[in-house]
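Below are two complexes that have subunit A in common, paired first with subunit B and then with subunit C.
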Partner chain A sequence: MATMATAELKPSPRWRRARNVFSGYALILPALLLVGLIIVYPATRSIIVTLTTQADGSPAAFTLDQYTSFFTDTLSTTNLLYTLRVALEVVAILFLIAFPICLYLRFSKSRIANVIHFLTLFPLFVPGIVLAYALIRFTITHGMLASILAALCINNYTTPYLTTQGIMFGLVWEGIPFTTLILNAALIQIDDALIDSARDVGANAWQIFTRIMLPLIKDAVVIIFALQFLMILGSYTIPYLMGPAEPEMMGVFMQRTYQDVQNPVQAQTQAVVTFVIAALAGYVYVRTVASQQKGQE
Partner chain B sequence: MSATLPRSDTPAHPQLPQSPSPALAGALRWLRRDGLGGLIAVTLILFIIGPMLSVVLWAFAVRWQYPSLLPTEYGFRWWSETFRRADIGTAIPQSISITLIATALSALVSLPAAYAFARMRFPGRQIFLLSFLATNAFPRFGLYITIAVIFFQLNLIGTVQGVVVIQVVNSLLLMIWIPTAAFRNVDRGLEEAALDVGASRLRVFTQITLPIVFPAIAAAVLLSAVNIFYEAQASLIIGLPNVRTVPVLMYSLINNQLVVQYGAILMFVTWVPSLILLAFAQRFLRGRHFAAGFGV
Partner chain C sequence: MRFGPRALKLALIGALVVVFLGVRAAQAQQTTTLNIYVDADTNITDWLSNIVKPGFEAKNPQYKLNVVIARGGITMTDVINRTMAAKQTGADPQVDVIEGLDPSNFTKESMDAKLWTTFSKDNIPNYDTLNPTINILPYGLPYRGSEVLIAYDSTKVPDSEVPHTFADLITWIKAHPGQFVYCRPDKGGSGGNFVVRAIYEANGKDPSLFTTTNYSDALAAKMLPPAWKILSDINSSIYQNGSYPAGNLPTLQLLANGSVSMITAWSDQSLEALQKGTLPSTIKLTQFTDLPMSGGYVYTAIPVNATHMQGALAFANYYISLENEESIVKDIGGFPTIKKEMLPKELQDLLGTALSDKAPPVWPGGSWDTAKNAGWYKTVATTLPPTETPAPTVVPTINPAATTAATAQ
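After this line comes the complex of A and B, so read on.
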């Protein structure tokens, strides 16, 4: 901008690059500052507090007391394992549901495909708390689902509300749009010619799926797995409103440890432990995206 | 199970049972042609639309008892009762103003950053972009505990400003990632052509770039606004006791309220407008850009 005085004088490429770098940093700075102040700084402070507070609450230079009491407490480890189990099972169910739907959408051009596409996106427009309320009303002992089943002469319905199935129902419901969107996008990129030629040499549908399609969408599957796992670890509304009193998922456990047990340091320890596991999933995601971009360049 | 699917190009098998009536034959043919699609659609309608339908029905129901499939008596009797409740009367305007302020601030901070991430080359660009995702890995609640301590010292507990700041930060990921993907997808040749025929940089941006990325930005803004409106945990810890938003109220209505209609009506009047807004975002999400934002 300073060199605008003489129109003929073109800025050197080096100067242009430097200006680009400078304005790039200037534009992302406010967002980065916010994240630094509201997320990175408190998170670091949380981690430090958990490493400098002894079991009796008195400060120390460095101690693993909080982590020792977390991992020796049966309730804490049960809840942690329970959270991991629910997360893995929900992701597995999501794949079981999403694969048939997305394969159908990939090959069908019917009008029903449009309806299905809309239905899979719909949960994106339903906030967690509205969903929890809707699912409670729908699945409760004498709710709408029970009425529908009764009309079909099925009378032995037991409600998933306040059980692990309730949590899983809700989390699967919430996860469908993201899973199908990413899977659809990956399947669309597979060339029709590739599938046709496999068919011509006599491959059946299963062989086409496992030998041709699956290797091509491997990265998308890893991305879905990592991000869904991450989202489920941090979930709160659905487990809190739909789940059993015991065991609890980590999000609910943290809040109860803070508000009812009034032990903020132990609640933060639970947060840090969850974070370390989430960070592993995040690492898998980042590595997949990075290797994919390297492959494209 | 895919193994048993017939190849779509196989000619129709002759052993299709000859049905007695033409209507049944038609249904069978339809099922045979797109039975899988029909099955998927019916299942999804039952489990995805069903729950939402029960909320809508409850909002207008006066009486609904098992095992009746639909309410036995409709009416607006509970509507006036719901809106006469003082807590609902103050929560709705408070939530709307927090949502509008936080969404506007979030757009102000995020959209320039999205443009920079998509268009400018600077060291660490990819790492900074991923850092917005990485920050989501730390459990929100753990953060709120520490933030509450910090905000207490700053006198921000129980204030609208405190809640707004948290909501802005929560919406950064969505508000940066979707527009970044959109800016990346703009054809640079189009912009250069306009520059070549003498358009100013500002004019190129407002008349070429902006119209192309507008649907994606609108989708990001709408999704963020809806997320902010319904975020409860931050409002619970930072906002109470003075700031009581709609979702905080919803928690207590779900947990401690025997009258089903209060919750149903509150959900209905807040959710249906957001659904209409989000319907506009639908078209963008179905395109490839959304998935591209996540590296697919």
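After this line comes the complex of A and C, so read on.
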């Protein structure tokens, strides 16, 4: 008589459960060790150095000198606020550009939609430095963009090269693929039936967007915001090549403090401050992903 | 024993190989191989391997050059230390010539150990052809130089308006806002040496006030702020209201595409660009007549325990010969170190007023550079409101507010 598996399962023995837990940890141990050695340990050491070095460089048991000098130095606070401002503005512009594109891709199945889809992914294949030089050549005074605008009788063109607009131009271009990828994935999950039924009830496009779609893709929006904000906060190449000499974004500022001003402790302080702000964005991201996973269970 | 056809073929090939190797070995024994150490950038090492080596070997068939590139992991200081160690133990250092050193690279230990050969007319036949204002080190043979000069578009700047002194340049910049640019001083020497020239201008044009050993924060706080005043004054007249590119090449590009009409540029980069055509031929070069902008000359050196002293001296002599100096100007855009009148007319015209007879001043670098760069970013490039008293141009760990608060307690 074959004993079919009954709905009632015997509880597995304790040793087997313990072995499963243990083997789980053992499998992730190498990766954990790597992260610990390469990231957590040096970062902790850096933080300790910034908390135990006084303003003149001598060691102390505990001191906030480095952070005091960071927050009282007008240049440092200007650069920090500048970085935050640029990051928030770039993320806002990314959403403004990505939403229309993604909504179009969601609802249109034409050939042109495929071309547009490919174009939104194209910046993924262009390395940052190549992009920077291409943008410089394109947007510089008497460059191609200036010529195009002049042909359209727009003559008061000033180049965004070496200004904040240049940084934003580059960072937006770089951020489009990632934003549209995630937004597309989120929008695809919205059932057509939901939209159709809303339309049947008489909702117009804007109401459908704000009342039906946005709440459903809330998690994806938060994830995009957190990750893009993080990436822009630490960006270096585009701000360095296309941005102004002052104010600088934190990545460029840190490199200059470390290498040219030859003040590694202050550079580490700047890094810790940036890290704290990034950690906030990271916390938001982790919370959202965790709640998403909980929702799926 | 009878050998089959296959065995005979193998024997024949073997004999040919032996003969071939023998001939090669005999040939190798006839020429001496000289080891030339170089740590310069790829344009110089390429030039050495592709142009200097064939030229030298053609003139001196008994020598073969082995160009050893000491870039990357090993530095020239390591090579010098190894040569010193070999001198002490009497071993073969396997070094014949060190192709090019900055004066600051002649380490103190090597000078104390008397490592370097002294050059004179006796061991270098071409010695007297060198420009005496540049040939100032007895143990180094200057063979090429580079300095920062002014590059301008001759179609937009007529000859009568070309500035010949620093004060003239400031006047021109203020009269033509947006037409001049220099790069950030820490990102490119062309901007860095322009800032240095402003520092000299603010301190009575006396380069001897800045040496490798006299830096102190107090001295910097006294001598640098007047230069910041000069540069802040012209900040709004710089390209795009004070936009500074992030390197030497972006600045050259701005001049090439007509965004500005005048820049500061390295002589070798501009000469090379003019030869290759990346700078239009309407671009001309000039230098200040009162005090040129900084630059440097590179000196060839031979250790006293060089493996082949005769060969090393023959190479050093060839390196400063007219044939090689012409190649330096034409192929790598360097400044020659021989007397200007010895060059052919076309090269003299190409260099024009850019090559002054005076040797350029040499900025000490080191802590002075750190203070110069930090101060420039804080007080010149900044868009902070002018009512803020600029922090002293010292390393920012010393915060006056924190120290006065500490002492007040």
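Following the convention adopted for this analysis, the second predicted complex is superposed on the first by the 266 of 297 C-alpha atoms of A that agree within 3 Å, B and C clash if a C-alpha of one lies under 4 Å from a C-alpha of the other, contacts with A are read in each partner's own complex, and residues count from 1 in each chain.
FYI, a contact is a pair of C-beta atoms (placed from the backbone, for glycine too) under 8 Å apart; a residue touches a chain by one contact, two chains touch by 3 or more.
Please read all numbers here as calculations on a predicted model, not as lab measurements.
Once the two complexes are overlaid on the shared chain, A:Ile136 sits against subunit B and subunit C alike. In the overlay built on the shared chain, the residue A:Ala186 is in contact with subunit B alone; subunit C does not reach it. Of the two partner chains placed by the overlay, only subunit C lies in contact with A:Thr159; subunit B stays clear of it. Of the two partner chains placed by the overlay, neither subunit B nor subunit C lies in contact with A:Ser291. When the two complexes are overlaid on their common chain A, residue A:Asn263 makes contact with subunit C while staying clear of subunit B. Of the two partner chains placed by the overlay, only subunit B lies in contact with A:Val115; subunit C stays clear of it. In the superposed model, B is the one of subunit B and subunit C that contacts more residues of subunit A. Legend: residue contacts after superposition of the two complexes on their common chain; A:Ser58 is shown touching neither subunit B nor subunit C. The residues of subunit A shared by its contacts with subunit B and with subunit C are 136, 142-143, 241. Against subunit A, the residues of subunit C that register as touching in their complex are 184, 186, 240, 242-246, 250, 253-254, 257-259, 370, 373-374, 377-378, 381-384, 388, 391, 395-399, 401-403. Residues 17, 20-21, 23-25, 27-28, 30-32, 34-35, 38-40, 42-43, 45-46, 49, 100-101, 103-104, 107-108, 110, 112-113, 115-139, 142-148, 150-151, 173, 176, 181-182, 184-186, 188, 199, 204-206, 209, 219-220, 223, 227, 230, 233-234, 236-237, 241, 250-251, 254-255, 258, 264, 267-268, 270-272, 274-275, 278-279, 281-282, 285-286, 288-290, 292-293 of subunit A are the ones that touch subunit B when the two sit in their complex.
Within the complex formed with subunit A, the residues of subunit B that make contact are 1-3, 5, 7-9, 34, 36-38, 40-41, 44-55, 57-58, 65-69, 109-110, 112-113, 115-117, 120-123, 125-126, 128, 130-143, 145-147, 150, 165-166, 168-169, 172, 176, 223, 226-227, 229-230, 232-233, 247, 250-251, 254-255, 260, 263-264, 267, 270-271, 274-275, 278-279, 282, 285-286, 288, 290-292, 294-296.
Here subunit A touches subunit C in the complex through residues 55-57, 65-66, 68-69, 72-75, 78, 136, 140-143, 158-159, 161-163, 240-241, 244-247, 256-257, 260-263, 265-266, going by the rule given at the top.
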